[in-house]
Amino acid sequence: MKKQIRVCMIGGGRVGKNHSRAFSYIPGGKIVAVVETVPQVREETAREFGFEHQFESLEAALEKIEFDAVVITTPTPTHLPLTALAAENRKHIFLEKPMALTIAECDAILDVVQRNSVFLQLGFMRRFDPEFVAAFQRIEAGEIGQPMMIKTNTHGPGLPPAWARDLKTSNGMLAEVNSHDWDTLRWFMSSNLERVYTEVANFKGAANQVDTPNFYDNVLVNVKFESGALGMLSGICPCGYGYDARVEIVGEKGIMQIGELKGQAVVVCTDRDHGLVTPIYRTWPERFKWAYINELSHFVACIQDETPPRAGGIDGRWAVAGVLAGTQSFLEQRPVYLKEIINA
Amino acid sequence: MKKQIRVCMIGGGRVGKNHSRAFSYIPGGKIVAVVETVPQVREETAREFGFEHQFESLEAALEKIEFDAVVITTPTPTHLPLTALAAENRKHIFLEKPMALTIAECDAILDVVQRNSVFLQLGFMRRFDPEFVAAFQRIEAGEIGQPMMIKTNTHGPGLPPAWARDLKTSNGMLAEVNSHDWDTLRWFMSSNLERVYTEVANFKGAANQVDTPNFYDNVLVNVKFESGALGMLSGICPCGYGYDARVEIVGEKGIMQIGELKGQAVVVCTDRDHGLVTPIYRTWPERFKWAYINELSHFVACIQDETPPRAGGIDGRWAVAGVLAGTQSFLEQRPVYLKEIINA
Amino acid sequence: MKKQIRVCMIGGGRVGKNHSRAFSYIPGGKIVAVVETVPQVREETAREFGFEHQFESLEAALEKIEFDAVVITTPTPTHLPLTALAAENRKHIFLEKPMALTIAECDAILDVVQRNSVFLQLGFMRRFDPEFVAAFQRIEAGEIGQPMMIKTNTHGPGLPPAWARDLKTSNGMLAEVNSHDWDTLRWFMSSNLERVYTEVANFKGAANQVDTPNFYDNVLVNVKFESGALGMLSGICPCGYGYDARVEIVGEKGIMQIGELKGQAVVVCTDRDHGLVTPIYRTWPERFKWAYINELSHFVACIQDETPPRAGGIDGRWAVAGVLAGTQSFLEQRPVYLKEIINA
Amino acid sequence: MKKQIRVCMIGGGRVGKNHSRAFSYIPGGKIVAVVETVPQVREETAREFGFEHQFESLEAALEKIEFDAVVITTPTPTHLPLTALAAENRKHIFLEKPMALTIAECDAILDVVQRNSVFLQLGFMRRFDPEFVAAFQRIEAGEIGQPMMIKTNTHGPGLPPAWARDLKTSNGMLAEVNSHDWDTLRWFMSSNLERVYTEVANFKGAANQVDTPNFYDNVLVNVKFESGALGMLSGICPCGYGYDARVEIVGEKGIMQIGELKGQAVVVCTDRDHGLVTPIYRTWPERFKWAYINELSHFVACIQDETPPRAGGIDGRWAVAGVLAGTQSFLEQRPVYLKEIINA
């Protein structure tokens, strides 16, 4: 039997809990502690999942207990310092998206990880979703021919917290909601993005008393790839109809649709004037349940087998570049090239 | 240009109106008169569709005007006398299902039609539905291999009128609702039925003050075909969720599903706790709109071209045999062979 | 009975035949002649549909026979002269999209039609498709709330003829394939478009020996509406997977999807490694069969009832403005405002 | 933390492996040994899942190691002796369906389990499938009203082994393939079955060199419930199109469909003449992956919490009664009452 990987969970909030739940299906890994600054959240999470230890800081955890790896689920501005501290202590790192706020931060992360020879995996769980994985393999096998056009969207319920909708502290919805789409665009098309043009709208801000500057709750990005292909990314948040993450690709030979609105296959009709009713995916933990289990299984297995994980820092950096170009585009009302961001 | 076929519509009720509506899409045919005994219905139908003439009886129509064909939509007990009168006056006949109440009546209809060399088409519109037609052609072409098992159902809204649920006056739901299924079983399987076993249930009779003897609102028939294949027929009426007519066939090579609950492709979700809502087929005129147009176009074209129509009297007679065997089965709680009915 | 409207079909090609076929379901109208310059096409169409008359030019038809209206299905550059001639002879006009090549031509058409008090209906058949109509009514009734984002696409098989892909003679794919989308955007959102940004790609030009300047076979347009809402339009042609015309709208309260890839409800599986196979819409006449019948019925009924038709010249002009703004955008690689086009 | 439950897996074949795989997602339970008579299978399974121990017999396992429970996945005739031995040694028992070959054996199992105060859970995993569970809860909550008619089917690929198609050694397909359907009928309808009528067919026996007496590969059962409701059960095996397990229920208020043919939401079309292609469920481990995890989690949790499991011996006995009545029906070509079986 392989060694069981000991993991320190950093952040005990919504994502930390989701990943802790996923770990309960992964015999090869075990969360031995949670690091969380808010005492109440820390205690609640530790109790819910039966963690042995809890700490206020990663420093405290490093001092007191042994572990192999960290899973970082805290807000974006903490990503660089936490990653640096973990790497310098030779811990492998699973880092939630978005990787960082700037390309400079991404580069600093890539550097510290490389210098310390630890693994870095980004939380792009769609790369581990059974449907997305099957789709990618079929695209790569040439089933739909050379990809010409891709459309990806993430629409979700719930107004993001203030920090997550403020361009200064999080780069806003394009980062917090659509990071996965930026990664999917590049992954499925096997091409980097060349330029983007973004339009945004603010429909619900006033009703939600949002006074964040440049707040938007709808975004549509037009993408030109280096390969010559076209792409579209859309984000809507909050939207009350469910959690909606779908992709559609047209290649020279055909079309492929990945994902659907429909959840459980339990269809009911009790009124012919109303129609058939089918459950919808309500939340991201529900839609991507296996994807979360699979990405963390992969991380654990990579540490056990000493092989570098898929979905690494380079992928995270390109997603951040997309976010920054997309944001600059709507602020300046012009198409923005990714090389403007990367070479800046 | 071919001669326009002049048609006398017999019966101005729900089916008569449906078929009159279908005729408005058929330039080759024209309804010149309606025969209807109820004055109010007669006048309303004549006015709605702009018919030139209206009569109390077929005799009156035959006396006063010229026409080529009749469409008979009146209750089952009238089918033999009306067909005989029309045939003896050399009118071609489109006869609604069920053909008759007994095999003896069916035989009398077949005889009078043959003696007078007129065409007889039964109202089995599913044989003209684009989906059913495509399915039959694909089965016949061997796409799913030798058919092994078929399931067909018709569930519909609305309590039938008293005469249509009384075994004595109509043979009940197996005849009035499921005649199409009896025909579909035999058509799709390219085999006659050998024996049937029927179970019935009465769930809503009391609430609807139905005191008809042997009334049932749910029926399930188990069928053994002469080919050795198996079949299932179900009927439910009244049911509030829509008009539901679907078929599923498994052959040695695969499965085929024909029809679906879903109506219009307009899908809406406004509440993630409720789910996706899709319109359902509400009524038979909506579900089989093209089938009605196509079957009547076929009838008109057959008269113009002097070629016998598909869906003739032999098909109608086999459907009646199924109805009678199915009814006898639940009355006697035993499997009943069709040859018991046909040779009786 | 209302007077039967006599129609002269101008253009006997693919669209002319499609509309002639639709007229066979419309008792209120009758095509009395076809005008077509190519003798072989003219004779073939006249013979197929049994037209009494055929002419080389509209002038000849006007001289020889009586009729009430024209249906113009010839290439875009002919629209203004034919419309003017018909209007000046007091014929009502059904004009295929796109209305014209320029805003100036649109204005000239609007002017001549108004001066002669004839009706002008544009061939935006989606406004008469049962699913699109139901969707619009439900949006208007507030079912999904204030529309925030719309996505519409038309992807179709078959390389367009040379004139239809050349910006000079037709305004290219944005006009020839996507005119309906431009109209749908404005119709469903109840808002004019403010600005657009377009990306195009050319994947199949070389393989098809296309040397038309600025040829593209993929186009994605990002739209900002005057209402503040966002929109996306995509076009792909040729694409081999079918005829694909779908719309998705997210409003403040929910999502609505209109149309689907799936055609007939006949689903087959004969190999579990291959999967379920469902027919797809193959062509536009198949997808929009009822829409074509309904739009021409509406045109005939409007003439009979002397009421102006829906889908008029103003709608056609806005669609042309979209085409021109969208084209200028990719040529100049910048967002283009529709007022730049309309006030030019 | 609760005590980890130690489990001995009895049978290392297809089902044993499936359940071992499910246990890898269940931290509360651990398989400590496999019992299997065929040395090669035993070693292969032990190696694949890294079991510490392997034995030729349950006796040997009981003698050598400590454990809390057994999971019995061996052929039906072994169920009674293995259950008795386990129960008498105070091991909790998870027993695969069908429970036994006869009602007498079922009664003996119920007796030994009760006398020894151990838990018995039957392998009716559909009772733990998220879709089936949600459906049951919604039926129970009255969403579709009083159930009137239910249809359930299990069609699967692969000719069963000789023992599993022989009525003498297994009760044949009604037991081996359709045991789940018998349980689902009773569970969803909250009613015992009153009588059944069965038709069978043999289409592929000859081609597969099957000489088992009374072999059938298609079966259709008509069911009358004690509640007055109707039901239909169908079985087909082998069938090449996939693994197909669906249920449809009509209640007084509406219809509910549970399950679907469609597997992954990855839809592709590359040829408009072929159509849309969607993956289908290929196998039962794929279709019911979560159901297997959930049923075994439940078993483990019941032992930990000392609460009796759902899906117990009484449910298993009723399913066996259905199998026996259904079999007698086609052998004697008459409806058979379940009380004939239970009181025999």
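Going in written order, the chains are labelled A, B, C and D, and every chain counts its residues from 1.
In this section, a contact is a pair of C-beta atoms (placed from the backbone, for glycine too) under 8 Å apart; a residue touches a chain by one contact, two chains touch by 3 or more.
All values reported here derive from a predicted model rather than from experimental measurement.
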Pair from C-D, A-D or B-D with over half of its contact pairs in common with A-C: B-D
Label of the chain whose CA centroid is most distant from the centroid of chain D: C
Which of B-C and A-B has more C-beta contact pairs: B-C
Chain C on chain D, rotation in degrees - Cα superposition, rounded to nearest 5: 180
Chain A-chain B separation of Cα centroids, rounded to whole Å: 56
Inter-centroid spacing, chain C versus chain B (mean Cα positions, whole Å): 39
For chain D, residues contacting two or more additional chains: 240-241, 253-255, 257, 261-262, 267, 269-271, 279
Chain C to chain B touching residues, read off their complex: 1, 24-25, 27, 50, 130-131, 134-135, 138, 143-145, 253-260, 262, 264-271, 279
Chain A residues within the chain B interface of the complex: 157, 240-243, 261-263, 267, 269-280, 282
Chain D-facing residues of chain B, complex: 146, 148-149, 151, 155, 197-204, 217-224, 228-232, 234, 236, 239-241, 244, 250, 252-255, 257, 261, 333-335
